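One chain, chain A, links the two complexes that follow: it is found with chain B in the first and with chain C in the second.
This part shows the complex of A and B:
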């Protein structure tokens, strides 16, 4: 399955730059994905600082001192803030999370800006095939869990648990953060968790009856009368209508 | 201080290792794989084994066991599959997955080595 023909083409020509789509941006170096961002998913700063892994000042310092030379990731490791493996895992998690939203089916234009890099710097490049394959797998996984995508964007509304029904600590934290107005994306940001993971948890909770599933908007009702009626009515044949009226009156 | 690639390479150096993967168990995504080959698709194994881990976590919750899973062993006719949950600080739940050839593997040794790899990965 092809997620983005343009992405395949850019990989084939080993392009370097930024692929801008409706729901996010993918950064490529030599045709491989090195970074991704989406307004729908929390950035690496949120993932690292919300859980307390990194103090906010530590992040800001790294951006100030190494952002201009695009080595923020490297700086975090060299300054002893993060371990090598930790940075890699957290960064990969954020890249795949943002890529899932950036590669969502969209109607808007897709543009590529050659030569544009990201200030975070390269950690571990991944192939575009791996990113596409994972994105498709994630879409299918969500639908296999609970095929109602309305829960992804609606405010999360918890429902009471059935007697004996248990919830894991991870999901308890999610439910506790659901105040009736926060969407899964809001909750992800608040808890410092990847957005996809939160969507998946919300779908699982909805499938278990612990979160409301909003009604899907009804499909547009078919028009009650054929469209030609409207066209005719725009230019009524007044003479014919008069004859009809006269005939009806005469027969009464 | 190992990165994921060196950690996985060390895992395949364990006697009898067929393949290994580092897996995010919430999403089921393999963050890295090594070995496996044609007979064992590690990306599929990664996604499938997250269900194993999740089922066990849920069962423990139902039993009210206030404890953590250290590892899970699955014994097949010809292979051992070891799942070791990583206790990282900032992670969303990861496990190391190791497939071993039963004939050539030393299970106690493999568990010990996997524990060592986790410590070196230091997440």
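This part shows the complex of A and C:
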């Protein structure tokens, strides 16, 4: 179960720095994951301000005052804006959420910048194995609910409920935010919820028939014969037919 | 002001406590663990208890004290304007009794969107269910309110 061979190596050498991948970044201190970010998942600022836990100015001020010394998390607690438990719950949730996307299978390069830290600072470091295990478990969980990953990135299109079919309050809020153009990631940001939680709810809704599942694009059929075949078909002669036969034999 | 570890350690100091954890019931992630797991693996226990907690948190029958009965229920797909949610799940705790132990799942209410609960596994002979239930409620509050 290797999500990123480089991550294992960095953990073994107790590296400090930033692991940059296609869909996000993992920050390590002494080989342990202390922070993660992904364009696909809402940041801590969104999670804390959307529900009204922190006013936007309170967040901005913490970043202004403690960002340079990389202690924003600590500052939020020390200045009385958040309690320890809240910070840990919210931060851990955000780290595993971003890590899920950052560690998604990707074709691009994986790079590591030694020494690079994150301005949020360290809250509760997690081992790279725990992050990898959880990421794999989450992938399997999504597929066990509804094995169509097309719903993860497509705009969420609600479908009418069957008579008597009920929807949980959390999923009702999700459906209410689906305007036909917002993707699960957009809705997560809008509701101030982790993106993975939203994906999981979208898959559950799709499995229940309450959200459209887009058709997977069909793989393009490979051309059966060389393209010049069509061009010569109007004026066949023996030489051409021989070339055609040879080409067909060569391609079979 | 306690963090997750202090909170779990305090839960473990209760008589008969065998294991404690803080779990996210949407994803099944264990945010913190202490003591033992009944199956020897905290992550498995977290995923399993999360399913139980999710069922309790999501089923309509436990969703309210009867105020949702009758025609006041918004039809699925036509949610209330704004889609506003109460902060926490309507369920406060779950108690599950086995031949050898008790499991108490206490939902934690946060002022941001989350879905976490405290799980305490108690020995049936040594544990004091009533006491543990009250202490767990206090711990769940202290965890987020300091």
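A few remarks follow.
We take it that the second predicted complex is superposed on the first by the 224 of 252 C-alpha atoms of A that agree within 3 Å, B and C clash if a C-alpha of one lies under 4 Å from a C-alpha of the other, contacts with A are read in each partner's own complex, and residues count from 1 in each chain.
We take it that contacts are C-beta pairs under 8 Å (C-beta built on N, C-alpha and C of every residue); 3 or more make two chains touch, one makes a residue touch a chain.
The shown structure was predicted, so the numbers you read here are calculated from the model rather than taken from an experiment.
When both complexes are superposed on chain A, chain B and chain C end up clashing with one another.
When the shared chain is aligned, no partner comes close enough to touch A:150: not chain B, not chain C. By the touch criterion defined above, A:89 reaches both chain B and chain C.
In the superposition on chain A, contact of A:12 is made with neither chain B nor chain C. When chain B and chain C are set side by side, the one touching more residues of chain A is C. When both complexes are overlaid on chain A, the residue A:158 reaches chain C alone and has no touch with chain B. In the superposition on chain A, contact of A:241 is made with neither chain B nor chain C. By the document's definition of touching, of the two partners only chain C reaches A:177; chain B does not. The contact surfaces that chain B and chain C form on chain A in the two complexes overlap at residues 47-48, 51, 53, 83-86, 88-90, 92-93, 96, 124, 133-134, 137-138, 141, 166-170, 193-194, 196-197, 200-201. The touching residues of chain B, counted against chain A in their complex, run 1-4, 7, 22, 24, 26-29, 31, 43, 47, 57-58, 61-62, 88-94, 121-123. For chain A in complex with chain B, the touching residues are 47-48, 51, 53-54, 83-86, 88-90, 92-93, 96, 124, 133-134, 137-138, 141, 166-170, 193-194, 196-197, 200-201.
Interface residues of chain C, counted against chain A in their complex, comprise 1-4, 7, 22, 24, 26-29, 31-32, 43, 47, 58, 60, 63, 73-77, 79-80, 82-87, 108, 110-116, 142-146. Listing the residues of chain A that touch chain C in their complex gives 47-48, 50-53, 77, 83-90, 92-93, 96, 124, 133-134, 137-138, 141, 158-161, 165-170, 172-177, 191-194, 196-197, 200-201, 210.
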